[in-house]
């Protein structure tokens, strides 16, 4: 406990680091993943812009990148990280790596959320002459909003979880704090406090997600 | 390369360990997660057995457990692992931890897959006097099968990815091999070969998933 | 595993085939192969290596009898574990002390590192405090109360450079990627990352007495400290062929130690009492 | 048929209301409805779009719980039963949904067979019954198609077959023929009539096709804005609708009164006065009418209208052109009134 | 109206086929159909459930691409246009879907406003137009409801308003009134008539409600098993259907011929011979008929049937009881035939 208190500043910093990494990743991965997921969905055979080649290529790319262990992924994209962030260590670099890795996960979640949309409504939009881009923005996303929001809540938790690995490259954050100051030092109170903080953070996120999903689903 | 060849037996073992861990986790987490996800879905306010209390409790539990960093989760469940598996280290213990952790993730994916089901069909089933249990088995699961299968493919990749962390407790597997024999030793050929193997494994799984989803969605 | 453990402790006298499991964190290092072959041919013992990627795991696993021995830590770490987890694992043989060097590819001396540069250190409990102490000796930082074996980055009092703690396997990479001006790199990673020996611009002195807590050790459960097979296995580490492998692994920087088990245990007791004092402070 | 008028109630609604809370406020879909469906009858429910018809039938099989009042089916008070008892009650009730609500994951055969599975029938029996039902609705060759491969009418027929599968004792048909062509509609109505007559199945049909009501219903209930505004034997409601809503519905099916434009057109080719006479149940009705005009020396020509049958009784209206001296025409019309025959002059 | 018979074609289908590959084999939904929809006309499409009507209209706005043949709308060959040109064409075509296909994520107002957004209308204009449309379909107070909060008929009305939103020059109405009560149906039909007359909108209406065809269509196309089996002016098809399919449809709407059971019942109360006479376009038709019977000394009583109007012309059939000497009755009937009047004796 004393140990925790003496490191309270690190803990506070860790909270900010986590918030920063999670926020950046949610935004970036949210957008890239959405685009990628929609691309997967609409090019799926039989769908709006069905295109077997594009679908297969995207599918394979996502499948190649997603299963790469995060430790390796982080290292592998170092050259890119240097170009974009200017450094390969610290919260920014971690946020970058997290964003990229999460994008591919998000794309799958998005694809899965859209797959349940009734084809009839897409047809109705096509019938009034709406183009694919407009259909995506004004029909696909709103119609799939319920599952999409739940999917993003899911990814939110996933990103919080992944951010625990940010410590690998000095990204800090709560997960790293729990491990470095907690479990590796067999200091369980630190682990409890930190995990509890993570849980509170996640609960807030998930409640927001549930609330929004309920609004979107109207039940 | 020589280094890889001299450790080919470890590599082969790692493949088996990964297959073992992933298979066990998919089955166990698939079942537990399905049950939990369905419970989340049907108790959601406005649904089949809507029950705000149960829903909130389940929701909170899932939200507490999911965000715990895997390193800490593994340690925290050690007493349970000892009881069930008899040991807290090695592939079996890792498979157990993976299964548990993945169950909670699966539950969210399942919930999200079911949320898109047209309420009318559930009503039609209620109207013929089908009970909740029967509706779950004969209506909810079949009607949500497309997204469910894609969701399970997603989780499959997630489990493969998580299994890379099995090394924490000496579980081995390809991910651990890639890190311990590859990236940590700056031995990139080993990383490439191992990651390629993981990717092939995942592609096979995802292709199967896509194929089944296509069958289920009939498009 | 439990069965193995009891049978191995009982049957140390015979040459009947046995299995001994050792928890390690670097099973991929080739010297372990040499070691395994040797154990087989000399004692007809099959060594089963259990590789842990997280340092928090091998000690509890040993304590619960899921492994018979482990070899991944120095006395300092073991003491910390024993104190915080109220355990009583004991060292039964020394292996080596590894200097913990500060590397830089740009600067030739610690003093020439510009103010405000980034410096990476390992972030695990085993290496972090020691890395900080190295930086302090290099006059790049000062630590609260002069620092101790439990210091963390939050104990930095004044600093000439910005210290970032990374996964031990990543510090070399961060240096090579240009993200930091200098980095504390564990010798094995330095070798694997092909950092030139000459780039080590500062290191603690492995042969000094102050390095005693950093002697790496074979660890066993207290009841096994006299197990002859385990003692033999610990000693087996100092076979020439194994030592040669270790040296290759560390680019010749390892300083082998053959301190007796009793001395190691005494050293442990000392560090443990220090740790207790530090914890109650 | 008349036997049903004294039959005991199979369904009884007592001051039943159903309101929905929407962001825009409370919306009362069913408003204090008290109603009986008698054992063995076919009850027609008509009313404007949004009148609360679908909500009403959904209350009968407790898919929806009322916000007020009590619902009885047989001896059971649904509003007091636990869900598992409700399930048993529902097994005895077939429902055809307005929106079909087919299971998308099941083939046509799977959809129709589902209630049979729930009822616990064995595979062989089930297959036989499904085949029989599909044959009836003309979809035997589509048994292995999925709903999205069917046309609108085909979907509706699957819904009908599914509702009939378990030989329920009560059938709730919510716009069961709305997507069907006239011939199929006639077949379905005939089938409903048959199950009603032969198996004693009680039927509630919601429909806006008054033809359906006319051809099969015994009694009819008219809903308007959540309330039952009229209720009675079909012939009575058709021949003497007492509310404006009912009158408009009746008009739509009998189409025996010429619309305004038709009258305007008729005027152009016919110089005489145009009078619409309501068909009454008088022996030799037309003869009587002709006789009256002939006796006054008024020439007549039938220009519009029709006679049809409801519950085996003639009903309708005929528009005649009356040519002759105004006084004579008036005298003839007065004579008609005296005989209890209703007429209106078209202006 | 007759002007449309010479109007140029707005839609032209040339040997169009559409087949679906299903696990159960190839299923031909539309089979070598050649057809024109003339500029400014209202074309009715009728046919049994599954005949291919919905598929046909979906080919017209290229929601479905034919597996054979060519489709023209205006000067554009849809089957040769790239998707982005198709979009422009579709903006000029309104479509009412059989299954409504409402956007579940949008309110009623959002659904109706959607085509306007696609057409690029500004907010203010859009709101005004939406309000106007919702007012017309009687859903102004439901503007902010979501589809699942609507009754079946309300949903359909939203679909209608949405299709009309952009004042398309071609309107495809697939069972646009199937879920509506008679009065709303009449309103919608009147509106279709009005947009057709006043704005020159060409309309294709699929319906199984022959009443709708009768009251608004200029020409009618009868489909059966994917083929167009009959095509012509509505009056011609109604008065002289040349295929069995068409005849059955016509019968369903005119309902001027007594069904078997009615005849059986009529027999019980009427001793004379029962003869159904087809209403023909003869000046003073009824007078003529009465005259013939009177001259032969045959007593008549009207027992069933009706006269109504199609395209402003009288149509129908009347069933008379003929009482008199058999020879005289036969003579009278022969006289009718000589005058070109068609009749059938009911046995």
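In this document, chain identifiers A, B, C, D and E correspond to the written order of the chains, with residue numbering beginning at 1 in each.
Operating definition for what follows: contacts are C-beta pairs under 8 Å (C-beta built on N, C-alpha and C of every residue); 3 or more make two chains touch, one makes a residue touch a chain.
Nothing here was measured: the structure is a model prediction, and the numbers come from that model.
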Both-way neighbours, i.e. chains that touch chain D and touch chain C: B
Far-end chain from chain E, centres as C-alpha averages: C
Centre-to-centre distance between chain E and chain C (centres being mean Cα positions), rounded to whole Å: 88
Chain B and chain D: spacing of chain centres that average the CA atoms, whole Å: 54
Whole-Å gap between the CA centroids of chain B and chain E: 55
Set of chain E residues in contact with two or more other chains: 99, 148
Junction residues of chain C, two or more chains touched: 54, 56, 169, 173
Chain A: positions in contact with at least two other chains: 71, 75, 118, 179, 183
Contacting chain pairs - touch in the sense defined above: A-B, A-C, A-E, B-C, B-D, D-E
Complex contacts: residues of chain C adjacent to chain A: 54-56, 80-81, 84-85, 118, 120, 123-125, 128, 152-154, 164-167, 169-170, 173-174, 177-180, 279, 281
Of all residues in chain A, those that touch chain E in their complex: 118, 120-121, 123-131, 134, 138-139, 142-143, 145, 216, 218
Chain E - residues contacting chain D, complex: 20, 22-24, 27, 46-51, 53-55, 98-99, 144-145, 149-154, 156-157, 174-175, 178-186, 208-211, 248-249, 251-253, 255-256, 258, 262, 265, 269, 284, 286-287, 299, 301-309, 312, 314, 316, 318
Chain C-touching residues of chain B, taken from the complex the two chains share: 3, 6-7, 10, 71, 74-75, 78, 82, 87-90, 165, 167-170, 172, 176, 179-181, 183-187
For the chain B and chain A complex, residues of the former touching the latter: 44-47, 59-60, 63-64, 66-72, 75, 105, 108-109, 111-113, 115-118, 144, 146-147, 150-151, 153-154, 157-158, 160-161, 164-165, 175, 178-179, 182-183, 191, 195, 198-199, 201-203, 206, 210, 213-214, 217, 219
